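Two complexes come next, and they have one chain in common, chain A, joined by chain B in the first and chain C in the second.
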Partner chain A sequence: MNEQAQATGHIFQIRWIPKYTFVERLLHWVHTASFVPLVATGLVLYLDFLKPLAQGEAGEWMRLVHRLTAILFVGEPVIYGILQPRRLWMHIKEFSFERDDLGWMKSAFGYYVLGRHTDMPPQGRFNTGEKINGMVMILTWALFVGTGLVMWFGKGLVPADIFRLMVMVHDLTMIAAVCMFIVHLYLALAHPLMWAALVSMRFGYTSASYAAEHHAKWYYGPKRAQELYEAKKKAASSKH
Partner chain B sequence: MVMLRKAMLIDESRCTACRGCQVACKQWNDLEGWGYSHTKNTGSYENPPRLSPQTWTRIKFNEYEGSEGFRWLFLKEGCMHCGDPACVHSCPTAALKQNPDGRITLEPDLCNGCGYCTQFCPFDVPKLEVSSLLTGRAKVSKCNFCQDRTDNSLIPACVKTCPAGALFWGDRDKMIAAGKKRIEALQARGFRQANLYGENLVGGLGRLYVLIEKPQAYGLPAYPKYPYFATLWQNLVHPLGKVAMGGTLLGVLAAWIIIRRNIKMEDVE
Partner chain C sequence: MAKILVVDDDRDFIKITRMILQSQHYEVITAANGEEGLEVMRREKPDLVILDVMMSYILEGLDTRRQMAADPNLKNIPVIMSTSLTGERVQRNLPSDEYVPDSAWLHKPIDPDKLLEQVKKALG
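And then the complex of A and B:
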């Protein structure tokens, strides 16, 4: 039972605070809605048991759907960047790594796998893992778009070796993105410590006590979060 | 029983550029001519100017300035039917197939028009018929050594029609032997550069040329290579990718099982 619940005498009491704007969530879900069909229609060329779907008429449909969704995939962050350039720049800064991200990496296994609570340094609106996901997403987006455009429009215009390289890099990018996506999907849907993530990406709100625990740097501000973290560490070590 | 590789031997020293092979190819394979190409005079006798989805073979007129003055070097262009076919390996639909006798054949119904083969071919042979640039709807086509004829023990249409006796069809080792014999005869007659093209290139070509000058004089690559990126892509990226994606899936499954025991929802803030 948390402090909030004790104060109100009701364990189901959650104070909701805003975390993501409407446009941010729209960006996230449009990205999902384009990424998933793109992977599905692309994998038919890669996995042998899906080969029948790549052949003939079915394959022509796959290629058409791939291109139509690619327009969405390419367009959605570009439109976001045009409409809200400062927000986009903020995301890039939010996703950038800092010194104390090393602390997360050291503690992540104990915290997320073994369930040890004490040693996780305070995190911002996105924790280090989410930052990695964000950065991989930005990088793979750029690679997908760059190589994809050459494959779409450059056939016969660019030297064959460049085209071949693009095909290979497109596949490598897909492999990296799909691996990241599998981890992302698991964390969002099934990891107990991430229960608020899906809720906040769906409705834009997160639990205040969840934010205080998992995103202290964002919730309290960096200075206060650090103080609380030090105090918590001290209390834990004096117990021994 | 191991099937013997078949090959076409093209004796360019005998070719008169009558282009009977071009016509026979179009006639047998039901390919369009003028109605498709609408070619214009570009100052050369050669026509059409390049291979196309409707032109699977054509005579290229190389204008060559040798020690004895100007001469034409005719080259019957078309699919080389490589022993190590990058087009087949890069085809994601199995529309392109390497037959046991070495012919690289195409099943148009399976082709989805991706065009990888056109880009991975070391000789730039397969051609895409693009019906829409925007949607990318397309079909590839190329010489298949008259699959329907050769499947039934007939010789390809171009070989059948050649009045100059420059085209031969048969077991590849016999074609190589015949080609070498012809080279010897040509060299004895003073064609000192005469050479057999394709015996060991890209896994051994199914289309062998008797040339009287160096391959470069014909516009043929002297050392065509199986594309480096095809090897890297097919033999490294694809298997490693499957390991990486499968590994991630298994890792996440393991994490799910372990973590649901270690972390209880009722202890979570």
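And then the complex of A and C:
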């Protein structure tokens, strides 16, 4: 066998990788479709200058829309857990934080703002930013459910102080969730490094080149991704 | 009857593949990831391996296939790679993380008739 023949072989050139199932994408978009009207109607009830809209018949409609979309918002993760319990468990495990997440936090500014790609340690199927988003969503969801139930059904049943506390926690949770939503929206729609995340949430697939670059631990596996990261860092430092 | 090892992290795929293969009286053993797959191969000496490409990470199946090819006790076991990834097999210069030693291929979702045809062919 000559040298050329030894140096070539069959490779499986990967083009597209399934990232989200149909149910997961549906869940994401239903979540968005329920979150946006919840915020809009919630703001009407929360902000003083919008208070006129919360009066009379219009106010009744606002409360009705808020409560109906709240049912959707609360119910759909529960339905997902019933339909795909193994996938839900997989996500919970994928959202757990590990040592590399600290590296992401240290490198995020250089990577996303200054374009320093060699700084970023390898990431799994979800990067640290996506994990933070996921954790905030889970936490705010739980707080919305708890406080919302008391606000909806607890008036007159729970002490007034507790009721007021629930309203305050509900409002603060809304502020946290809206801030996260704005960051999420900016990254998904406007940030040049994150466009593929929106594509995968729309079609369910992500490109192999994007996965290798942005989710190296998921693509190559932890050991190989670490080797590649160290080689890339070494090459960058010797260049300087 | 031939002993077939199915290596896949998708329990539903394993369940369905087992049903299809057992309907033709093949003995089916299973593993949930590449590492476990290699252990079972060394212990059970299967006649054929059906190996998923994307498991806990995307290239896990390809890594496992290369480890099989490098092991004198495993390199002659025929392999059918199964995958839900979209891509193509091309001739390229090596080394490459996407290199795959000679294997048959099936794309998921797998048609039962096609699976049985490939199994029969691989077992010679």
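To be clear about the criterion, the second predicted complex is superposed on the first by the 225 of 240 C-alpha atoms of A that agree within 3 Å, B and C clash if a C-alpha of one lies under 4 Å from a C-alpha of the other, contacts with A are read in each partner's own complex, and residues count from 1 in each chain.
Convention: a contact is a pair of C-beta atoms (placed from the backbone, for glycine too) under 8 Å apart; a residue touches a chain by one contact, two chains touch by 3 or more.
Owing to the predicted nature of the structure, the values given are computational and were not obtained by experimental measurement.
Peer 1: Looking at the overlay, what does A:14 touch: chain B (first), chain C (second), both, or neither?
Peer 2: second
Peer 1: Identify the partner contact of A:160: answer first if only chain B is touched, second if only chain C is, both if each is, neither if none is.
Peer 2: Touch status of A:160: first partner only.
Peer 1: Taking the superposition on A as described, I'd like to know which of chain B and chain C A:220 touches: first, second, both or neither.
Peer 2: A:220 sits against chain C, while chain B stays out of touch.
Peer 1: If you count the residues of chain A that each partner touches, which comes out higher, chain B or chain C?
Peer 2: B
Peer 1: Quick check on the superposed pair: does A:24 touch chain B, chain C, both, or neither? Answer first, second, both or neither.
Peer 2: Touch status of A:24: no partner.
Peer 1: Under the stated touch criterion, which partner chain does A:209 make contact with: chain B (first), chain C (second), both, or neither?
Peer 2: first
Peer 1: So, does A:63 touch the first partner chain B, the second partner chain C, both, or neither?
Peer 2: first
Peer 1: Take the contacts of chain A with chain B and those with chain C, and give the residues found in both.
Peer 2: Shared contact residues on chain A (touching chain B in one complex, chain C in the other): none at all.
Peer 1: Mind listing the chain C positions that touch chain A in their complex?
Peer 2: Residues 11, 53-54, 56-60, 62-63, 81, 83-94, 96-102 of chain C touch chain A in their complex.
Peer 1: So in the complex, which bits of chain A are touching chain C?
Peer 2: 7-18, 86, 205, 208, 211, 217-222, 224
Peer 1: Please give the residue numbers of chain B that touch chain A in the complex, ascending.
Peer 2: 90, 92-95, 109-116, 118-120, 124, 128, 135-137, 227-230, 232-233, 237-238, 240-242, 244-245, 248-249, 252, 255-256, 258-260, 262-265, 267-269
Peer 1: Inside the complex, what are the residues of chain A that reach chain B?
Peer 2: 2, 44-47, 51, 54-56, 58-60, 62-64, 67, 112-115, 152, 155-156, 160-161, 163-165, 167-168, 171-172, 174-175, 178-179, 182-183, 186, 190-193, 195, 207, 209-210, 212-214
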